[in-house]
Amino acid sequence: MRFAEMTAPEIQAIDRDRTLLVAPIAACEQHSQHLPVITDTVLVGAVADGLEAARPDRVVLLPVQWFGASEHHLPFGGTLTATLPTYEQMLVELLTPPLRDGFRRVLLLNGHGGNIDPLHVALRRLDAAFPEALLTGAAYWELAAEAIAALCDGPRTSMGHACEIETSMMMHLRPELVRADRIQDDPSPGVAPDGLFHAVDFGRRTERGAVGYPSFASAEKGRKMLEAIVPAVVAAADRVLALPLD
Amino acid sequence: MRFAEMTAPEIQAIDRDRTLLVAPIAACEQHSQHLPVITDTVLVGAVADGLEAARPDRVVLLPVQWFGASEHHLPFGGTLTATLPTYEQMLVELLTPPLRDGFRRVLLLNGHGGNIDPLHVALRRLDAAFPEALLTGAAYWELAAEAIAALCDGPRTSMGHACEIETSMMMHLRPELVRADRIQDDPSPGVAPDGLFHAVDFGRRTERGAVGYPSFASAEKGRKMLEAIVPAVVAAADRVLALPLD
Amino acid sequence: MRFAEMTAPEIQAIDRDRTLLVAPIAACEQHSQHLPVITDTVLVGAVADGLEAARPDRVVLLPVQWFGASEHHLPFGGTLTATLPTYEQMLVELLTPPLRDGFRRVLLLNGHGGNIDPLHVALRRLDAAFPEALLTGAAYWELAAEAIAALCDGPRTSMGHACEIETSMMMHLRPELVRADRIQDDPSPGVAPDGLFHAVDFGRRTERGAVGYPSFASAEKGRKMLEAIVPAVVAAADRVLALPLD
Amino acid sequence: MRFAEMTAPEIQAIDRDRTLLVAPIAACEQHSQHLPVITDTVLVGAVADGLEAARPDRVVLLPVQWFGASEHHLPFGGTLTATLPTYEQMLVELLTPPLRDGFRRVLLLNGHGGNIDPLHVALRRLDAAFPEALLTGAAYWELAAEAIAALCDGPRTSMGHACEIETSMMMHLRPELVRADRIQDDPSPGVAPDGLFHAVDFGRRTERGAVGYPSFASAEKGRKMLEAIVPAVVAAADRVLALPLD
Amino acid sequence: MRFAEMTAPEIQAIDRDRTLLVAPIAACEQHSQHLPVITDTVLVGAVADGLEAARPDRVVLLPVQWFGASEHHLPFGGTLTATLPTYEQMLVELLTPPLRDGFRRVLLLNGHGGNIDPLHVALRRLDAAFPEALLTGAAYWELAAEAIAALCDGPRTSMGHACEIETSMMMHLRPELVRADRIQDDPSPGVAPDGLFHAVDFGRRTERGAVGYPSFASAEKGRKMLEAIVPAVVAAADRVLALPLD
Amino acid sequence: MRFAEMTAPEIQAIDRDRTLLVAPIAACEQHSQHLPVITDTVLVGAVADGLEAARPDRVVLLPVQWFGASEHHLPFGGTLTATLPTYEQMLVELLTPPLRDGFRRVLLLNGHGGNIDPLHVALRRLDAAFPEALLTGAAYWELAAEAIAALCDGPRTSMGHACEIETSMMMHLRPELVRADRIQDDPSPGVAPDGLFHAVDFGRRTERGAVGYPSFASAEKGRKMLEAIVPAVVAAADRVLALPLD
């Protein structure tokens, strides 16, 4: 079910207990010199569409929210972003009406690394207000980490930024938006001291705004990745749907 | 130029003085029993696309923000909304990075009546911070009021809600999303005392969530309306582009 | 009834259903070179007094709030102002105790253009909290636009700022505060592109802080204007008093 | 100088270093059964007028702000109030434009006990932003405590609420607003443990909303009190005017 | 009872009506050149320990909060501080869970002058939410002012800052942290105009960050002071414990 | 160096570039039926003391902040907590003065799982304001995960709550505060769907407020754990100290 395309009475008629409300969140931010700024939104949108297509009567899919928490990308320009307090508040308010309306199973499906912290905070704040609901969240790549890694050829096998993974999937989904001639690896060993969280924007952390090896990307690999990610996300959704409600 | 589809270096290369940054804003909210909740977003998106197509090298089009100020629609369900203070803050933050990056001509292109007040407030707040910028906003129907009225056949010739105008344009743009068999007029004379602003939610103000006469709608009329609206919005954009900068 | 001059037990004894709570709001801000900064407060105060005098047992008149939303007047100095978020919050809090105490008919009677947007926002926020109340608002000149226009002699017949209308009424009400020798017209065609909302402060929008033609003002005309405005506001109040309560 | 009655250019011409900006603040709140809710505003207004009259070219008097911090009076009704965080913010914003415009000597002249804490907080917050300014505040009765006490005949000789002092001065200033037949003492020994600050609203702390002995009040005494208070406030203003600026 | 050292079930078993929840608050801020920045926390901690030792089954002692409101000490460095709005919010939130859990007698025991205003504000805000509770607060030196003054030998006999009183008690409690060779009096007559509250940071108000005469300090005197303060605080606690609950 | 025990001039003399500012943060919250609510504060305090002892001239240790983000523990009582927005703000403000004073290497040393998200958010917010600083953070157990796991005997070898690890270290550090007779394992498989973040408070997630197997705890094991953790934290601090500054 696609929330956006339904009428209000149709939405009101949905069985709250048997369905999972999926809210995809992403960003519109610099993605190095070869990917469009909307990349994260395209990717999580495709994953979410795949999920909804696989569970059309159990999933209620909200539209993708492309306005994310991207202040750390501002130094390269081409970035739209909320501040972190506002973004947390946005997520809290995004889910509040459906929770008041009785939805009880929620998945914040995330497509942008910078959203992870505020996603956690927002769900924790909502948990205090809606203890009867199952409030879950994940970045899609966290749910398919092994499958993604198995498909990578470059030196980095986990999600970076404008990396082999994102570039491959964009080559598959929106090839006309990839500037193939501008692809350059950005190993960005960076300054992060091992084991510590280090808050540092991409201007100081990377050469040109990427983290990873987009030169290894291919459309075919992107297709395979998406085909591996969607089932992993469906499986996660099934787990939330299988949980007992109080 | 479509901001979302460009890379950061391409965006950084845009001539700030000669271009107009257009930020379309809309809503995802109940639209009576025959229109999908995403209606406002579809409509302003089509208008914004028309504008960008007409001025491809003078307009920088941001993605449509579908999360709007719709608390007054909550009584019918099927509505996602920010509170008003959060929504104002979102609009302020949406435009802050591009303004810091040097964009100086801005048009908040609005597709939802409930966004008008916070749009004004947000632009006024931004004006205090960015006095060197030209900060403008309008709902698309305000820019084409006469042309729209001339095309209406029902008793109401100005924009309502899920009305003849919105329904016609949705029939033209997304006919598969219109539940034609559920169309019912909602004259909603309402309680509003003449000449006064009256804050009252749609649950008390309307019968079934609409304001207007969708029974007069047709796809053909919707096509004509869109064809009348786009040039009016282009003309408004041209006026902002023609203003001298300090 | 004048709220300020009553005791608490007398206020508690007021019949909430049969009375209208009127909250006049204004500003203390630059009014060009010939009017005192308190102009808006004087004018809306006179209108409100006229309303209360006409309906002494149906209207409960709060004191005029002179602290308004005037950031756009700061460039000329002589201006006191709240920021917009604070002003909205002030209006929400101003009306919250009476609404909790059972008042159900409210009119925010506005005397300053810059307050219109936050007035709307505040009433909408209150509507979400007090759906059983009738929450209305208007600037006094909106309720008497035709009558005012008919009395104007200069090229502008709608409310400007320190204009023919405001200057005339100040000449009538507080002639000793008008610096007649400093009166100068300020046609201020301004930069506003037709049909668009344009957020721009008075420092860039006007020559000397006015909008309009005060050289056409006279005390006699001011008296006539006030005599036209008060009945129009009384009629609006009567309309709110005539509405059924749930 | 009365700020409200001046034009913006006149205000801009004031010598900032030689003048004291005086901002009177008060409340609109229940005052037992015999005094009008506007009492605090009337009283501090009279004191402020006396100050301005005594130092017409050294004092710049703002209009009295009647909207105060009175949540502890809500249980008796007849009370308008900001919450404490909003009231602090209001005071900060009230003084910010004049401080940015160069005023350097400020006196927040207070007429309501409930405003004392937020007055302190607001001035401290402003001090962090405007270290070059002299930021002072006082309740008028703190500046004339001995003189007031000497004039009291009842058992309480310091300022209470709707007490001998306030009632006397209202009898002098606005006798028509005093319900003499409703005067009753309210000794209100209260629950406050000696030496401790005890936050407790007037509904639990008093019998009928007063603290003190209004039965001892007289108009003649009120006149004498006012005549004692004004010189004490003038002397305080002179002390601030005599301080060296950095 | 020491809250920190108890288990949750033990805390849940406490008789709420018969016990006093004591929350000591202090600061970590510059204390001139001879005292460590943790001074206020050490001192109020010792007082609180004395109170708990004297009433082990009637007092529930929270851990000392060392993060206070010290922006006015920032010019000398060595200072950690919340802003005033955040500090007020911290105090409100600190007490909210115990109040929700049924504690009804509260004493905010303060050890830092800069906390007094926000302490008042926080308790007033809590009173609006928890009218059934007895919400009290005091700085320890306010409860023992006479006894302290009687023990002072220098020209100032009330609490200053890094003064005879604080230095003496630190010499008694933590002699190894006192830099005796750096002790210098700081008479700091200051700029405060008599009778007025004057918001002014310590950088402009003092020579080296103290207010008072630490050269008169001695460990023996500090011991006597502490021995005088604790019984005074115990007596205040007893008064709160003796108050009837509604 | 122990910040708390130094004077302001001594702190001002510290070489900012060569030192690491360490801010330990913890909580005061329910720890099942056998551990005191202050457990997290005791443990991170011991780790921080060990770090400071190992690098006495390179580490500047702030006092432990025991007030944390523990709303998810409220259902068991015995819990003090800030809300998440306030806690983030507290952390931002805690570090702002030292960063303004020139400290450039920061480690937020965390001892409470619930603080991890707001720690990330706070450091990211600070990074936008202080890009010249190295802003890092970690929970102590993240830096010594392998060493800790190697010492565990029970089925869970990573940090839980009131678990084998925390109980062992408390038995070593504060044996008198451990209620050994109340120890019970709390396997709490919980409802968390594998791979997803699930916001759920401890009242629904655990039997009695613990996560793990405290029955395997011993003081000797606690000593070994602490002896393993401190060097790991020292090594992390060394890595931050070794990073080049811009």
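Order of writing sets the chain letters: A, B, C, D, E and F. Residues in each chain are counted from 1.
Everything that follows uses one rule, which is that contacts are C-beta pairs under 8 Å (C-beta built on N, C-alpha and C of every residue); 3 or more make two chains touch, one makes a residue touch a chain.
Being a predicted model, the structure only gives us computed values, none of them experimental.
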Can you list every chain that touches subunit D and also touches subunit E? none
From subunit A, how many touching-chain steps at minimum until you land on subunit E? 2
Looking at CA centres, what chain is most distant from subunit C? F
Given that subunit C and subunit D are copies of one sequence and touch, is their interface built from the same residue numbers on both sides (over half shared) or different ones? same
Centre distance in Å when subunit A and subunit C are each reduced to the mean of their C-alpha atoms: 48
Send over the residues of subunit B in touch with two or more other chains. 74, 83
Line, ring, star, complete or other: which describes how these chains touch one another? ring
Quick check: in the complex, which residue numbers of subunit D touch subunit C? 3-12, 28, 30-38, 41, 62-63, 65-67, 74, 76-83, 86, 89-90, 93-94, 97-98, 101, 177, 179, 182, 209
Residue ranges of subunit B touching subunit C (in the complex, touch as defined): 71-72, 74, 83-85, 88, 107, 117-121, 123-128, 131, 134-138, 142-143, 191, 193-201, 203-204, 236, 239-240, 243-244, 246
